[in-house]
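Read through the structures below before going on.
Heads up, the next two complexes both have chain A, just with different partners, chain B and then chain C.
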Partner chain A sequence: MTQLLLFNVTNGLIIGAFYVLMALGLSLILNLSNVINFAHGGFLVIGGYIAYTITPYVGFWGALLIAPPITALIGLAVERTLIRPLYGRDPLYSLLLTFGLAFIIEDGTRFIWGAQGKPVTVPAFLAKPISYDFFFITGYRLFMVATVVFAVALLFVLLRYTRLGMRIRAGTLDLETVSALGINVRILRSLNFAVGIFLAGLSGVLAAGQLGLEPTMGTGLLMPSFIAIIVGGVGSLTGTLLGGLLIGVASGLTAMYFPAASEAIMYVLMAVVLLVRPRGLLGEEGMMT
Partner chain B sequence: MSGEQTRKLFVLSAIWLALLLAPYWMAPLGGYTALATRVLVLGLAAMSVNFLLGFTGVLSFGHAAYFGLGAYGTGLALKFLTTSTPMSLVMGMLLGGVVGALLGALIVRRRGVYFAMVTIAFGQVFYYIAFQWSSLTGGDDGLRGFSRQPLHFRFFQIDILSNTNYFYYFVLFCFAVAVGAMGLILRSPFGRAMIAIRENERRARFLGIPIERHIWIAFTLSCFFMGLAGALYALVNNFADPRGLHYSQSGDFVMMAVMGGMRTFWGPLLGAAVFVVLQDYLSSVTVNWMSFVGLLFVLVVLFFPRGLLGFVRRKSAA
Partner chain C sequence: MKNPIVSLVSDRRALLKGAAAIGALQIASPFVVPVRAADNIKMGMVDPLTGVYAAPAGNEVMGAKLAVDQINAKGGILGRQVELLVEDSANDVGTGVQKARKLIERDNVNFIIGDVNSGIAAAIAQVTAEKKVLHVVSGGHTDTITGKDCHWNVYRVCNTTRMEANSVSDLLYNKYGKKWHFITPDYAFGHTLYDACAANLKKLGGTVTGNELTPLGTTDFSAYLIKARAAQPDVLLLLVQGSDMINCLKQIVQFGLDKQIHVAGTQQELESLAGLPPEARIGIWMFEWYWKQPGVPHVAEFVAEIRKRNGGQVPTARHWFGYTSAMTFALVANQQKSLDAIKLAQALDDFELPPDVKLQPNKVYYRKGDHQLMTSAFIGEALNKGKDDPEDLFRVDSVVPGDKTAPPVADTGCTIKWPA
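This part shows the complex of A and B:
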């Protein structure tokens, strides 16, 4: 019983870690640029498939290092050509554009790599369970969680202590003033977008090792990320972090007692949060880092 | 002023004449009546979305949920409860509208991009329910095993089941009632208040308009219209599809509204016509139709944000 409980909580935390990585990227872009990036799941898929393509040449570790930056570069190109013209306009337009982009990416990956799922092999020493009592904790899962923790910590340090991070935080509060202080807001937005897409690419590589690759995998992770942001609270990255873990664990636990409702529980959580605390768990006007 | 009015009257009668005669002019152009019926139903859906998007200015990206609820409500009603087509339509519409009203009360607590995100997320709930509860809804395969029934009146009946033209006129009748109601609401003081909220929410608030309540009412009304559209859609195919509940369907509706012209009353119908015909054509010539639809989204947003009618209107104004 305890073991089963532990199993489900661990599962929840691991899937929650994915939600967190996705949701943090989405949240960054949303906070600074007011863009709901529907193609975020698409970028995750791109990251995963790039890793799949280069793994035979550079190995898993190489792919883990190279694929996310490449994804971020692709994201940068997309931001500069397609999304930048829409900043002054109603958020509806960027939403629709990224929505169309998600279609193109999904169809494109299917066209290039085929509709069949692709496996990504992880190093053998990571694939083994740690112990027989806790068969569900494989080395890879631990590694995944560690990577997510590291990436999140790095992000928070970046936002807290670097000049870029300070500017991003300031821009979230008042972009106009930041611009008036002589900071190039266009570059700031581009870099911020690239950081968000980098996180998506990273989750793509990690997800590829755990779940294998499919062209549609991104869309499945998108909705929980939205919920994580809403539950966590407007403009709060810490909230997003909490929200992601919370819905992950909640859906893991529900899977134990009532598997059919493991998706639905997230929406219930969201409804409860909107009912009793509309601004979200840690929602405040500013971004708390 | 009166010249403007005669022009409007002329355009309006042209639209209705084209709709009334659609079964006769569609066929020679290579279309078929069922396609016209679909355009009408999806056009109504797009107009319902636009009721909120274009006239209240709040972005709902999850309206497929209420569309799908209408479809499932009608399908289930016909399958288990009633043999009366109009009755089942009312039930589908009520299901979509009432659920919309309940969720709307939660959704209006957020504004802006967060409003959109909450609508998307809540929209997905019903997709999962339809998907998981397969004993009732048929799961992934969709709901089958029902069909629209002939309309019975006291002295005669109209066979809308086998005669596609009769069915078209039945749908047109429902469409006309719904669109008429929409037009009346938009002309009413409430409708004016909606537009005031769209133009400047803060000013509207200072004028004493209860913003949250108005948005909630507009949301609920739009869900009722959406439910009706979904209910009719179930009758078109005698089938309810879980993908009709999915957020990608919501995206299609918003796209139809934007492509036709968000700030115009009839734009979404035009957008729906173009979208349906294009999708019909693309999926018959290429397997990569998804990319082309996606490309359409990108191109419309970048180069045609006012939509077809907005474009025409601007040209004639200039």
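This part shows the complex of A and C:
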């Protein structure tokens, strides 16, 4: 039983790491631009399908490098044309826009690539468990976690030590003052949106290797990411990180004792956090502290 | 900083307006609106064209469209042209019922086909019974549709879950072992399929080591698989379908569990095998129809016709479900020279499908007592790669007639009550 418990905690952390990658992108966009991006799952799907399309030419590793920036460019175009006019309005406008956009992306992928799932094969040496006992830790899952750790570290460095990062952080706290200081807030928001969508694209490539690639795959991954943000605390990327890992572990443990509630437990956790600490676990801590 | 979530919730009116707009979208125009002539015969089809079952639903619609084209080419029904009106149930019971009502009340359809989702199919059946419209359930498998909740006007083309379980239970028990562990989707289809498999296993003398009920749309199965392996079963039976099947099989193979436990299941679909990488196409399953049947009359023509419409890809069982559902109406209406639902429903009792529609070797007919189509089970094993055709992903070892896999009518719980 202890072994099973240990297995599930480890497994939960691995799944949680994936939620973190999604949630960080969402969180970045939400924090700076007040946009609740319901199309984030859609961008994940776009990333996955781009990877699927270019893999025959550039291989899995090439796709991993190329697909996320292409997704980010598409995100940039969407931000410039559709989302920018809605800044400054009630967040409900952008929520409805991205909600609709999610449907358009889902049907668009279905139109371009078909409703039937597409097979994505990961390099053979990754698609194996590392040991007989820890069969659920495959090379690919370890690689996913390593990629998430690397991406998160890079993001933290970007936000803490670069001029762009400092502006994003400052903008999150007080965008008006940042604007008054002569910083082009439009460009700041666009770049921030692109970084967020880059993370969605990266999640898409990683997910395509782990799950079946089909137009609806983003939907199932979107809600856990939103919950991770709320549990961790809106406005805190460290909180999002913690939230993602927490719901991964909670979901894994519940699947062991009461499988039918493995999805519901995330919502229960969110409800408890909202009741006890409405700002989320690290909601008051500010960013990157 | 203004918290967008808080301000969002506070603006309840705006939220309600948004919800109303989304609601209105659900009952908007159908996907296919052909030119309508007043004297055309109308077939309504409700299927989840969006959501996790979009692929099988799209294939059912394609099959039905082919049938309608062929019916019209041969003079239609009672000399009138046939049009197909397709509505998206969005994999949601409420939406499916709304769409069925719209097709019947506003579009005045003569027949109804649908749905892939068992829960929606059962709910639509209540509407069609109330409105006295002949209804063929194309792809919803749960037993109750032709079991305890059967209706005089409802016939079903695809297998019942009981038929699926009966088709492979003995084989799995004899070949793989007596300790079974299940991964089951947590809704009507999964529950009845599990019950049927567990009952068969008990009869054979085996034991169930566990049943993991997984929510529809589960992406990560690792926690369930950890539990399953710890229970040390001989066979891991996957009862999940669609993208859940793909995710689960993919993860099983990545974890190397297929090297430790036999992996198998009941219903498998070409849509799922095609979505899997070659190494994850494994296990013994039953197909409800398969495109490669050398020597069986008319199958090659059907495959060629679907290939023309399907970007060169072969038909799946879902194409055949849609095709057979639409053909059933034309066959019975032209035979009876009537559109009266009661008359046609009565004529469908023990109605045998002709070779160019049944497209399989055994006798295929709608059974009188429960209105279930006695269609064959294609039992065999998934193939990594097609030998002669990349889409030949299943080796059929035996084709068992429907009346050998179906339980007797008396055991289905169905009692047909005809309207006065």
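Rule of thumb we're sticking to: the second predicted complex is superposed on the first by the 283 of 289 C-alpha atoms of A that agree within 3 Å, B and C clash if a C-alpha of one lies under 4 Å from a C-alpha of the other, contacts with A are read in each partner's own complex, and residues count from 1 in each chain.
Heads up, the rule we're going with is that contacts are C-beta pairs under 8 Å (C-beta built on N, C-alpha and C of every residue); 3 or more make two chains touch, one makes a residue touch a chain.
These numbers were taken from a predicted model, which means no experiment stands behind them.
Engineer: Which partner does A:Ala102 contact after superposing on A: first (chain B), second (chain C), both, neither?
Structural biologist: In the superposed model, A:Ala102 contacts chain B only, not chain C.
Engineer: A:Glu263 in the overlay: touching chain B, chain C, both, or neither? Say first, second, both or neither.
Structural biologist: After superposing on A, A:Glu263 lies in contact with both chain B and chain C.
Engineer: For A:Leu4, decide between first (touching chain B), second (touching chain C), both and neither.
Structural biologist: Only chain C; A:Leu4 stays clear of chain B.
Engineer: Quick one: is A:Gln210 in contact with chain B, with chain C, with both, or with neither? Answer first, second, both or neither.
Structural biologist: In the superposition, A:Gln210 contacts chain C only.
Engineer: Would you sort A:Leu86 into first (chain B), second (chain C), both or neither based on which partner it touches?
Structural biologist: first
Engineer: Just to be sure I read the superposition right, which of the two partners does A:Ser179 touch: chain B = first, chain C = second, or both, or neither?
Structural biologist: neither
Engineer: Quick one: is A:Thr147 in contact with chain B, with chain C, with both, or with neither? Answer first, second, both or neither.
Structural biologist: The answer is neither, since A:Thr147 touches no partner chain.
Engineer: With both complexes superposed on chain A, which partner does A:Leu275 reach: first (chain B), second (chain C), both or neither?
Structural biologist: It touches chain B, and chain C stays clear.
Engineer: Considering only the touch criterion stated at the top, classify A:Leu221 as touching first (chain B), second (chain C), both, or neither.
Structural biologist: second
Engineer: Do any residues of chain A touch both chain B and chain C, and if so, which are they?
Structural biologist: 30, 34-36, 90-92, 95-96, 99, 103, 106-107, 230, 234, 260, 263.
Engineer: What part of chain A is in contact with chain C in the complex they form?
Structural biologist: 4, 7-8, 11-12, 14-15, 30, 34-36, 90-92, 95-96, 99, 103, 106-107, 110, 114-121, 127-129, 135-136, 138, 140, 172-174, 210-217, 219-221, 230, 234-235, 251-252, 255-256, 259-260, 262-263
Engineer: Give every residue of chain C touching chain A within the complex, in rising order.
Structural biologist: 1-5, 7-8, 11, 14-15, 18, 21-22, 50-52, 54-55, 57-58, 186, 212-215, 217-220, 222-227, 229-230, 243, 246-247, 250-251, 253-257, 260, 271-272, 274-279, 311
Engineer: Show which residues of chain A lie in contact with chain B when the two form their complex.
Structural biologist: Touch residues, chain A against chain B: 30, 34-36, 82, 85-86, 89-97, 99-104, 106-108, 111, 223, 226-227, 229-230, 234, 260-261, 263-264, 267, 270-271, 274-275, 278.
Engineer: Along chain B, where are the residues that touch chain A in the complex?
Structural biologist: Residues of chain B touching chain A: 53, 59, 61, 106-107, 109-110, 112-114, 116-118, 120-122, 124-125, 128-129, 132-133, 247-248, 251, 254-255, 258, 288, 290-291, 293-298, 300-302, 305.
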